[in-house]
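Please go over the structures that come below.
Presented sequentially are two complexes of subunit A, the first with subunit B as partner and the second with subunit C.
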Partner chain A sequence: MSKEQSTKVSTPTAVATAPTPEIDTSYFTTIATSAAASTTFRSAELVVEAAALPLSSDSSLAEDLQKHREKSLRGRIKIGAKGMSGPVIKITALVLIALTVYGFITFDYKNIDFFTAVAKTLHNVRVMFTQPHLVYNSFPGLMWALLVTFALGALATFFGAIVGFFGALLCAKNLANPIVGNIVRAIVAFIRAVPTVLWVLIFSVAAGLGSVAAVVGLTFHSAGYLVKAYSESIEEIDYGTIEALKASGAKYWQIIFQAVVPASIGYLTAWTFLRFEINFANAIAIGAAAGAGGIGYDLFMASAFYFDLSELGFITYTVIIAVVILEIVATRIKAKVR
Partner chain B sequence: MDGKRETIEKKAHGMTSTAMTAEAPLLEFQNVSKIYDKTTKALSDISFKVSEGEFVSIIGPSGSGKSTILRCINRLVAATQGTIHFDGHDIGLADKREIHQVRKKTGMIFQHYNLVNRMSVVENVLHGRLGHKSTISGVVGFYTEKEKEKAFEILEKLGLSDQAYKRCDELSGGQKQRVGIARSIMQQPRLILCDEPIASLDPSSSKVIMDHLSDINKTMNITCLINLHQVHVALKYSQRIIGITSGNIVYDGPPESLTKDLIYEIYQSNEGELITDVE
Partner chain C sequence: MRFINQTKASSSPMSNNERKRFPRPKRDWTPVWERRFLVGPKMTPDAEKAKRPEDQMSIFAKRKKTFTLVILAVAGLYLISALVTSFSFFEGIESFPKAFIWITTYLVPNADSLTKLPKILDKLIETAFVAVAVTVCAAICSFFFSLLGTNTTKAHPAIARAVRVIAAFFRNVPDVVWAMLLLFSFGQNVLTGFFALFFATFGLLTRTFIETIDEVSSECVEALRATGASTLQVVFQGIIPSVMSVIISWILYMIETNIRASTLIGILTATGIGYQFDMYYKQMNYASASLVVITIVVLVIAIEITSTRIRKVIM
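Then we have the complex of A and B:
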């Protein structure tokens, strides 16, 4: 073991001969040289350390000192926990970078000139935000549409929260049977892996495109999200509290509503509001994509149908103001449920 | 329906207690062993009895199995071998409903209080009643005026009535532990199990807590079984001390005959290695 390490430490060639996948090697050579420099420094340091100890006459001591230290290819002492997470993260990052590069190379740019494109985009943005007006929609109509979108988001959050709560009770590690918990977690992970819009489209097969499919689809994804968020909040609470009530003869639902809910209500409301914000945004997108109505649909008409940038600007402002008001209200409520 | 079951059980309870007070103890461990995860032996072949009204302390080093003994009684953990009898129940054979009865009759007090921090002091005290209530009224937190009056009476007794509407996370450790005691008295238990009730408290709060426990034991005739780390506290308050070392009882007797040497034996250490103020 220690022999192996000493070769690693003393010979920088080990670094060069180490299997390097087909990546630019210039990076590694620079490291190799710097590693050589740092290695000599480090071994000198170790000698000093060993000499300072009273038992330095025993030559095995230096080896003993080395015994538990693991060194990287560069000869530096490792400090991370053992496991595959390091390599896995590196590989993931490399794959993502490769895909990005590939994407940019193979894009169909349609001979757009970059600078004119940027200039024109800026111009469009300026028109949108400096000259907002309302021609195709009436203001009350727009408010109604906003209310519809709000209602879509709220309904989905409400149903999602109810399903999410009971789902969370089934999979929170401090409450649930481990087998049931794992099954629920797996189902929920699957639900979350499919994007919201896809769920809406899936349900529109049965319900037809429109608000019903939108609410059901949004609810589905919300429930999946909230089961995870709620169950993790519930896992945060002190098990002792649950145990204390259990020991006094309290029944399951009494423990849930007298200890679990009060202890985690702050987190639960925070997650619910966060999900409501997401659902509101999703409801805008789905209003356009699934014809569920609401302000998203008006936005879609203004842009894709009337090509009216100013109308688009006005609707965007409305959405932004609505979201800000929502955020303020949410913050107030969260502060109350401290 | 719940009420009916309760009256039947009260009759049964009356019978057992009149029939048994004469000879049978309130709590009896017979050759109890507990093995966790098939490997960790926490208790090996333990036998002892506790009579009604006794104040018994369990002392022993960390990991010797003190908490395990208490938890076997209300079946927070199930004993691996042996039988435990409590107030006419055979804990090992008890079904879910019987375990519920046992838990109603045993209060438990914890080192870390285990209160619901966001709720008020009275609400936490009233939690002691949950085992006696129907599921639904417990879920919505509906308590009768009588129960509330009782809760305030207990708080008064423990010197906490001025804190009644405070949230529990605003209290000091000593106050929290008094709320813990109030909660278990609210249960009207026959036995109170205390798992290191004063381990997180300063000496003066510790005294207050121990005095209250001692008072409850005397005035309400509630049997107390207390795990303690402080030998001098055990010596001062208990009628009887049980010393355990790695899952075995090495001492069971009155505090007067617990000699220094025996204490060293319980803690498996030599003279001069313990911090105790026993003289």
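Then we have the complex of A and C:
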């Protein structure tokens, strides 16, 4: 990745490396074949158009370069990133900005008084964060709710990781049958496209409201996400290791557990913890939106039923502290695995 | 000290008798750079024993030990979690066939629901535009904000730290809280969802952009600085060109995420496609609800395919 990005940094690096062909002139004139020259240029990651120059034996490369330099616009060597990336970036950015502007024009604002609303929001934020207190919930009760949310996230991550791992084995390009891989990828894309809340709501009708619906709903999306993440990390490992084990007659599961898992364990843990953090946030969200219990439900009740900003503030502080602790622990474990 | 004296003494001429009484210390032939390692804490007998290769744990035994520990920890976490939430694995497994049957019988669009398609599409397009607008605005804001937080622009360390703390704050406050908070002041409005998503996206993108800028553009910024470029020149000639592809890639990813997130916020704040789903769901009009799900899926997958294509070209 860094190699590719260095091409886009074009200007400074390119200017620095541009003179090298001139220094190597003697080398070029002696061995010069156009193939050798073009590979050297490619290795310097330059699209100096000189790569396509005719390298006749009677004219030296330095002269060619000089001629080319005179020809090119404003006397400079044309240097730029290879390929289409430049225009595509520009077009994408322009389209996105155009869509944003169009969106702002067409939104139905319902004649809202924007500045009053902002002032009110600021006031509410101040009340919320400066005067946190608990009225409707007890502190132990809130801690229990936090634990429930944490447990929902942990269970979903647990099942998601297991399903995700085997799913990734089925669709990683360096391990799997391409047809099976494509089928798994299509299923996973569908699962990921449905928002988590909708999975939870659908399962709460089908299986009854409770922790089962919440965990299964969360698991669906985490499994979909982790299949993609895991399979990408598995695809990144050195194929030589797998090939060597295959050549020595290792069986499929031996290859998986002696080569694939040890080589990608750092990535796998990092993704799992990232998903755990997301699942924790999702558990709060579905607690609020689908009534699945935990601290999210308390949060929803505090704001939508009791209209108590201070209570909302207290719960928010609790969540922030919990998330920060979670992040610190995750960072430590990740550092250990690496 | 004594050692040094002896070596000095050995260089002086001595009689044979003296030689016998003070034998020349054996010369240490280990090279100097290796001798350095011998200086250190004295080895206890146990440590010496452990250093012998036959007592050293083999790499496989070590792997086995860590593996067992991890399995135990995960199993413990699972049991505690299951106990706390009163979750039973078998119930979970049982729910699958039930859910599958329910989904295939009820969650299928019918002729009646198709009449609601224009309304659903209208809301879906609104939600998609909100997601795009939020992501683009948040990306622009957080890019300039993250410039203050990187090492490359050499902002004051206090400012850089403040930026990181603010980003962490916005990232860690759940979007549900923003949605509920803004519902008080903005009511059932597009802007409620817009700002709720904006804050969450802003926090996430600021952190990501700080990391990206530090990672990607430090070399070229150094090169530009060496040529005497001003900070503005560094930003516009060095940082922006080098991180643009990563930023676009993140924007595309966040648009996809935000469409899903705005469904959730729509349910909470009664706006957009989320509200449409919630309404049909509560009316038990599952056929129409399924149509909402299908349109969301089509939209998200379409965006995913487009963004994968774009990413392939630009990265």
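Basically, the second predicted complex is superposed on the first by the 226 of 338 C-alpha atoms of A that agree within 3 Å, B and C clash if a C-alpha of one lies under 4 Å from a C-alpha of the other, contacts with A are read in each partner's own complex, and residues count from 1 in each chain.
Note that contacts are C-beta pairs under 8 Å (C-beta built on N, C-alpha and C of every residue); 3 or more make two chains touch, one makes a residue touch a chain.
These figures come from a predicted structure and were not determined experimentally.
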- [ ] Go through the superposed model and pick first if A:K246 touches only subunit B, second if only subunit C, both, or neither.
- [x] first
TODO: Once the structures are superposed on A, label A:L94 by its partner contacts, choosing first (subunit B), second (subunit C), both or neither.
DONE: neither
- [ ] Check whether A:A285 is in contact with subunit B, with subunit C, with both or with neither, and answer first, second, both or neither.
- [x] second
Open item on the list: Taking the superposition on A as described, I'd like to know which of subunit B and subunit C A:I325 touches: first, second, both or neither.
Closed with: neither
Open item on the list: Going by the contact rule stated at the top, is it subunit B or subunit C that touches a larger number of residues on subunit A?
Closed with: C
Open item on the list: Quick check on the superposed pair: does A:D238 touch subunit B, subunit C, both, or neither? Answer first, second, both or neither.
Closed with: first
Open item on the list: Tell me the contact category for A:A263 with respect to subunit B and subunit C: first, second, both or neither.
Closed with: first
TODO: Would you check which partner chain A:Q254 touches, where first means subunit B only, second means subunit C only, and both and neither mean what they say?
DONE: first
TODO: Touching subunit B in one complex and subunit C in the other: list those residues of subunit A.
DONE: 262
Open item on the list: Applying the document's contact rule, which stretches of subunit A touch subunit C when the two form their complex?
Closed with: 1-2, 4-6, 8-13, 16, 83-85, 88-89, 92-93, 96-97, 99-100, 102-104, 106-110, 112, 114, 117-118, 120-121, 124-125, 128, 147-148, 150-152, 154-155, 158, 189-190, 192-198, 201-203, 205-207, 210-216, 262, 281, 284-285, 288-289, 293, 296, 299-300, 303-304, 307, 309, 312, 315-316, 319-320, 323-324
- [ ] Please give the residue numbers of subunit B that touch subunit A in the complex, ascending.
- [x] 74, 76, 100-101, 103-104, 106-108, 110, 112, 114-119, 127-128, 130-133, 135, 138-141, 180, 183-184, 187
Open item on the list: Which residues of subunit C touch subunit A once you look at their complex with the stated criterion?
Closed with: 63, 74, 77-78, 80-82, 84-88, 91-92, 94-96, 98-99, 102-103, 107, 126, 129-130, 132-133, 135-137, 168-169, 172-177, 180-187, 189-191, 195, 216-217, 219-220, 223-224, 227, 237-238, 241-242, 244-246, 248, 251-252, 260-261, 263-264, 267-268, 274, 277, 281, 286, 293, 296-297, 300-301, 304, 310, 313-315
Open item on the list: Please output the residues of subunit A touching subunit B within their complex, sorted ascending.
Closed with: 238, 240-241, 243-251, 253-254, 256-259, 262-263, 265-266
